[in-house]
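Alright, structures below, take your time with them.
One chain, chain A, appears in both complexes that follow, with chain B as partner in the first and chain C in the second.
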Partner chain A sequence: MSMQKAVDNSRSSNAGLSMDNQEKLLADALQNVRQHAFAMKRVLDQQSVMEGLKHAANMLGELRTSLLSPKNYYELHVVVVEELHHLELYLTDEFEHGRGSHDLYEVVQYAGNIVPRLYLLITIGHVYIRANELPRREVLRDLVEMCRGVQHPLRGLFLRNYLLQCVKSLLPDTEEENQEATKTGTILDSLDFILLNFSEMNKLWVRMQYQGHTRDLQRREQERRELRILVGTNLVRLSELECVNVERYKTIVLPKIMEQVVSCRDSIAQEYLMECIIQVFPDEYHLNTLNEFLKACRELSASVNIRNILISLIDRLTAYSTRDGSQQNIPENIQLFDIFSEQIAEVVKSRINMPPEDIVALQSALLNLSLKCYRDQFEYGNKVLENTRKIFDNIALDTQVQTGTPAAKELVKMLKIPIDCYDILDVLKLNHYKLVLQLLSYRERHTVCMYIINSILDKETIIPTAEQVTQLFELLLTLIIDQTDSPLETSRQTITNEDFVEEQNLVARLYNNFQAPNDPDQQYHIIKICQDTFKNGGLERMRFTYPPIIMQAYALTFRYKNIREQDEKWEKKCQKLFQLCNQLINTLTKLETNDLPLRLYLQGALAASEIGSENAETIAYEFFSQAYTLYEEQAGDTRAQSASLTLLIGTLEKVTCFAEENHSTLRQSLTQAATRLVKRPDQVRTLLLCTHLFWSAQRLNESTQKSEQVHDNEKVLACLKKATKLTTQIMDQSVQVQLYNELLNTYIYFFNQNLPDIDITLLNSLIEKLQNEMSKISSNENDEFIRNQIQKTFDYLRQQSQLEKFQGLQINN
Partner chain B sequence: MDILGLGSKVDADFILDPQGQRKQIDVKIDDTKRSSQYIYYDGEDVSGTVQVKLKKNSKVEHQGIRLEFIGQIEMLNDRSTIHEFINLSKLLGFPGELTDSSSIDFNFGNVEKPYESYNGINIKLRYFLRLTIIKRFSNNVFERDICVQQLSQYPEINNSIKMEVGIEDCLHIEFEYNKSKYHLKDVVVGKIYFLLVRIKIKHMEIAIIKKENTGTGPNIYAENETIAKYEIMDGAPVRGESIPIRLFLAGYELTPTMKDVQRKFSVRYFLNLVLVDEEERRYFKQQEIFLWRKQDKDTDKTKQSAKQYAHYQRPTPANQSEENPTENSSVNEVLSSENNSDIPSD
Partner chain C sequence: MLVLVLGDLHIPYRVSGLPHEFRKLLTPGRIQHILCTGNLCTKETVDYLKTLTADVHIVRGDFDDNPNFVDQKVVTVGQFRIGLCHGHQIVPWGDIESLSMLQRQMDVDILITGHTHKFEAFERDNKFFINPGSATGAFNSLNSSTTPSFVLMDIQQASLTLYVYQLINEKFTVERLEYRKA
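Let's turn to the complex of A and B:
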């Protein structure tokens, strides 16, 4: 019983390999290696080769351990190999000085243990080949064969790695015809050597998977991944041989590698090695062995992630074909697209359980290839998209890919590819793009649409025709109208939702890229299409989408005006545009705020005035009156009202197309509106603005058809007086002082404009009044701003007082 | 041998190779003593000069001086039985008186030396010259050993050794050694094929075992000595692997195989293939090889070096079925096994 226990303990310590224990084991082993190495070097210094070999064998004995983890074994191996290098250098030196011993290759074979024996044999073999002591070809063959004696995976892998490292510079790399070749070997010998070493190493590597307890499987797989580079080095060596050409690669190298890869039936090995093949060999080789490679892919184990392998190859060839910006790299006789297309179809067919995301990823790679390698052949890309759609239709017709699934993610990635490598106009030529997009659920569609818009905006792509705009809208429908599968309730699609605002702002910005530069009629079509499309989007979207249409329409009227010489119907077209705008703005009046439609109306009035067409006055008046109506409806919000009134006044001052009748109606209304404002300061300020309506505002002289300024002295004065009177009634002294100042400024303006009845005396009395009032107010911080304003007024006056016109001006301050 | 205890007045020396042309060999007498001996072959003359040296101013009366050439077999565990199979005798001097040191030439012509000198565990086969100065009371005797080596021709038939062995449903291997008869500087080249592996093998080694049988009838003594242990595989192979063997013999202390020498003893050699599993159980198969001594010539140098990297090449297969070993192929011979581990087997 106790015996049994002891055995169990010893076993678990073997299997458990605690970290502490490992460190100690490694430290001990390294210590031993150093001691033996020291002894070896010492006797070599005394020219005692045999003793040196003995110590070397002892040192190499440390590599017989089974206790170290692969990582620590590697550490140990590095140190041992380094020390072994001393021996190699010593022996090489002996040969260079003509005193090398000739029988060492045999002598070291007496070593009783195989691991040290083979390390020594490799070292001596290396030296002997270089010294021409033994025929290269035979020794290479012997070494790679003898290594079979080490069947322990870890020790075998490192031994063969050492072999590979030693022969690196010794592999014959000459053609067969060479006369000397029989002795030194040819490229074929090198191929035999590496390919054998490769398959032996791979077998050992694969074997690791099946040794030990299943509960350690994960750790073992991790360890295997750490060791994979050892196996891969063989392939690197192969790729470095100069005499390997496309032909040899195709007939010897690849078939042999593939035979091993396929037959090992280990997914870790297969994945790594396929990837390795793709990366280490030149593109030309791959191009010429596509069918062979892809056929082998189908024979790989079912658990291999074939998708990554294929994608890696496709990506590599894609990069190759587009390198240096030329597309000439692919030989014409290789139908890259067709081959991949067919082979991928075969792979998909042969793997029934392939997850849809993998299929999509493959199609993505194919799409990438077709778009990059065959830029001008849209049918390729289109075909891929069509196939993708078909694959999903075959699974279940007209169902959406559930949101958040890997397949959905892959589809999104796929749909981004054309956007990245084409501009949108080319993407529109892929008419299956839309169909694939429709496979997605709302969230993914949304992502793709946003991506499309951002790309257009970033690249500043101009979309010049109405047809293309229509196509684009078909793609972007998700953002343009309410979606039945939108996870958000419609109520959340409002201005209070930041994401929605951002999204619709983008859609609105997109509008600026719809430009038909030399074709106003085309632009008109675009506007119509936008209107037709956006009108289905609901009021919340229109808030964002209509303003750019309207502004674009106004801009288009200017363009029509510019070409009025060539287009006799220009006025009619403008009329239509204004009608359209009127209609659109009218829709917007349903929004909770009047500000936006009001501004758009005023902008329309300005535009009409600028166009100056025959019916411009009618249009402008209509727009203006609409704006005024909206203003009136704003009652209640005093601040908004005064702001809107300011806008109205400002616009009227600029509009030049009104005849006296309309103009006087409007200016009177605005002046009255000013006095009707609720707050006194607002009244004063708007009244002061209104003065300009009676002075610099322009009206159309019906007889001359020219515009002229109103210049109504009395009304100006009346306004000013009214404003002065209202100011005196204000209770808040600091506001009052401020308004006095503003009043003074207006008076100075009109004094400068030579308005009769405004003279220096009047100004002086105002100044005095202002100064009196100013002295009354407290000097707290709030008033600092006012003081500054007033100070500036006085500074101006002092400056002007030098002029003759301002003679008699009295400023006490 | 001087019973007076005054020290011998006479001494003798054998000069066998005045020209220094004969090869010598370092022979192990026992664990501490080694001596250098001249090598002779069958049918060669044994000749030379005996120098008898006298101390100054002394003289020796004798009844004659006799020289013998003797081949004998000694049983080491039974000193009494010494069997002489050769005894040639020559009288070198008539009875008289020796007054001075003198040299006497001798020659045994074409001496038949039918066996190889051998120094084993229980037995010793030796050849020596014995010089006797016959005196009245006690003779003066001087001996000098020589080493006889038995050269053989290349064997006419030298088949490879090939065998499929195993343990039913656990382990099937097939091993091949390139020859069955090896000369002493030869190299054993072979291969092990693993046809079925269901046990966890830790390593595999090849051992050279010498079996010395002495005596007859009830007094038979058998001694096994492991001359060499040589690891040829590390780790556990899987089905389908083939492991190369290359074992140089020159480095070990081997003799030719000797069979039934004078009905006194035999010395035979075996290659023992041993597989050790993780439980330290050993599975082995012994296979006798015949060793012979080849004439030492300077052979072709390239051939000499080629054996350093010699590999076993399967002779072109006579019957195809062997080329496709299957798991189910029956085991011709069973591997012996022994349990060296301290793990209780049940």
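Let's turn to the complex of A and C:
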């Protein structure tokens, strides 16, 4: 960067364009300007107009410089114009008070140098027209012609810009001449004025391209771009005229502008001006001049970036057509799709070196137009997608677009357009969408697939049929099964890879949106399709994708139960669902931890029990025993085992479909398993949970076919006694005391349940024991907590002792 | 002090996400604490909760994929000791006496549990019991129609105002309850 500057400095020092030099030049010029301006104002205060004009001319002389860069010239220009404004105000004031001099317009024509002369003429001309001293039409015509006298590009541009700004409010904007004052001119005169000014300014602007050495070209082009707004202002001014209508735009304004744009053959000017036209004039005008505009596009020089111009126009008209939510803004006879489709084809044909990303960008704009303007006519969007695929097939058949290239990026952008415009069910109607998706390499396909899923989830779109699910899977294959072009080795598809986990969780979430709310058979169909698809994804993917299928299958059995009156096959269908789940869960047992399949089996047992279909007991028993088997396999992990056993017990307590034989087997197994846990405290606590299996748990009475509570007081007591015995074997006294407290609470629970053999006497003895044990433990923080727990139990008992049931309870502090 | 109480989301095992009516309401910066009864089930949901506020407390549900969540937690807010436990560890599930036992053991003023997917809020022996239900209305074999629900507690010193948000037949409702510590 600094080397470039040094080189610049050495080159341009002769021309005085080095940075330091520029600053000094500008500072000097500004100082001069201020001095002359001061003098001007002083003599004007003394009513010396001629003197004032002389000082003004001197001041304007600073604008004759060739040494300043455009940026600095602009700074100087701003200050000069500001000071010139004082003169204008003074003269206007004079006229308002009837003291105006009538010959100034003549007088200043004798000013020595042309630049000051023209600035003064414009200023005075402006004042005179407003004061009705001179006929507007002629003066305006005069001024715009006379400016030809300055052919230096920079000076000329700023001069004409000053002219345009000055006469801003003076340009006639009426159909007919004003009757009172003569020769005011009409809209046609304004058009002539501005169009001429524009042409001349453009010529000057283009000429800048060729000023100076070729090695300064880059800097010159940059400077030209900085000045573009000066030329563009003419077009803005044209758009502000009220009397310009579609007709005049089409017959007068646009042809003249186009003539200049095309004939100047300068790509910087062409690119800017075409863009400017699109932005500055209303869309209605563009609609009516499409052919003219596009014809001019074709005549632009080869190095112009036509892609951006066309896209700009297409996007604008697309937005226009859907403004206010309606699609009626475009008249019937203008078929935007056909026009642009043809145009793009021509452009692509004529510019053989057009890079593929530019072609895709054009197709994207056309796709956007199709989807928004022809909302329910999918054939348009489909056509664009099909053509895009053809383009790439012509370049290289069945070859993927290389990852990370601009073309790949543009294709990704293109594929996002339908996802944003439509909900997924409509996107699936674009059957050529997948043709374009297949062009991409793994990374980009992955991006698009993630985008699709996120969009569905955000919009909460429901996919209600198996057919649509199938179509969607065709698009999402990249995430569902191993891809041959994936950089990911199979070893990277594990739960340690966060990206993989995120991606698969997203697929799992998506699954939940596959819902056929009023059609259970369709839902079953969906489940089968998903199973068939997901099973090809490998175990690491199934870990994520199978659980939602299984849970949805359970939910489906409830839906079948609800329509049992209408569907006599409902029980068979439920049976099939449970069989399917059995199969799926079995696959998951191959994973390294059994927690998930175990829990899924338990959920299945619960579901079967609640459904109560003809094979419910068999199914529930099968599932429950599978869960138990998995539990036994967790023998190495004490924590997991303890948690799983708790879950088995909690579930069994809620499963009501087992007859006594099965129920008894399970009760016994779980109770024994509790005593076989490794840690004593776990044994005790789990046994306390088991007590409920012998009490509130329900089994099926085969004669009445109703579920009833077990209410086996003997077994409950046996559990409690066993638990007490195990507690005595605990060495850590704090833990032991804590468990005694929990035991007491469980006894109280069953006392409240009116279990025979638990009476006040028993409670009293337990309370006494606990009080004794409590005194044995220390008073450190942990034990304080345990003491507190015990106090809470005693508080509770004290409260309860008020009740009749608890008469005789011996609880004191 | 606003405390969000929710749980049993079961994303992605049973549902795809929180209902958008709830998502709109839950914006960052308005809630000071989150108490979650568990069964989220993935890290993605944990991260989402953490965007709402920094102080997030989660206990282990039977389907959470993070084995390191604790089974029980006690959090103090204002003058309330609040106990948090998923509830699948309490047998019988949802049994009031058993929950009371847990409340005594944890020595808390408010006990929050989940697992049943059914909203509950009641006072017993001067203690308060809350079940925020399932924030997503996830399927539950023992509860045939699950309504999406969650709870917002406004705690000022010793008084608690409870706001229950539910989506009943796709209609969004809010109810209000009050509780004062004895």
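Following the convention adopted for this analysis, the second predicted complex is superposed on the first by the 765 of 813 C-alpha atoms of A that agree within 3 Å, B and C clash if a C-alpha of one lies under 4 Å from a C-alpha of the other, contacts with A are read in each partner's own complex, and residues count from 1 in each chain.
The working rule: contacts are C-beta pairs under 8 Å (C-beta built on N, C-alpha and C of every residue); 3 or more make two chains touch, one makes a residue touch a chain.
Bear in mind the structure is a predicted one, so any value in this text is a computation, not a measurement.
When the two complexes are overlaid on chain A, chain B and chain C sit side by side with no clash. In the superposed pair of complexes, A:S696 makes contact with chain C only, with no contact to chain B. With both structures placed on the common chain, the touch criterion links A:R207 to chain B but leaves chain C unconnected.
Contacts of A:Y749 after superposition: chain C is touched, whereas chain B is not reached.
A simple residue count on chain A separates chain B from chain C, and the partner touching more is C.
Applying the stated contact rule after C-alpha superposition, one finds that A:R155 touches chain B and leaves chain C untouched.
Contacts of A:Y554 after superposition on the shared chain: chain C is touched, whereas chain B is not. Looking at the shared chain after the overlay, A:Y105 reaches chain B, while chain C stays out of its contact range.
Look at A:V43: by the touch rule set out above, it reaches neither chain B nor chain C. Remark: least CA distance from chain B to chain C after fitting both complexes onto chain A is 64 Å.
The residues of chain A shared by its contacts with chain B and with chain C come to none at all. Residue ranges of chain C in contact with chain A, taken from their complex: 10-17, 20, 42-44, 62-63, 67, 88-93, 95, 97-98, 101, 104-105, 107, 125, 139, 141-142, 144. Those residues of chain A whose C-beta lies close enough to touch chain B in the complex are 3-4, 7, 64, 102, 105-106, 109-110, 112-115, 117, 134, 138-139, 141-142, 145-146, 148-153, 155-156, 203, 207, 211. Per the touch definition, chain A reaches chain C in the complex via residues 457, 460, 501-502, 505, 508-513, 544, 547-548, 551-552, 554-555, 558, 595-596, 599, 603, 606-607, 609-610, 639-640, 646-647, 649-650, 653-654, 689, 692, 696, 742, 745-746, 749, 752, 788-789, 792-793, 796, 799. Only residues 203, 228-238, 241-244, 246, 248, 251, 305-306, 308-309, 311, 342-344 of chain B touch chain A when the two sit together in their complex.
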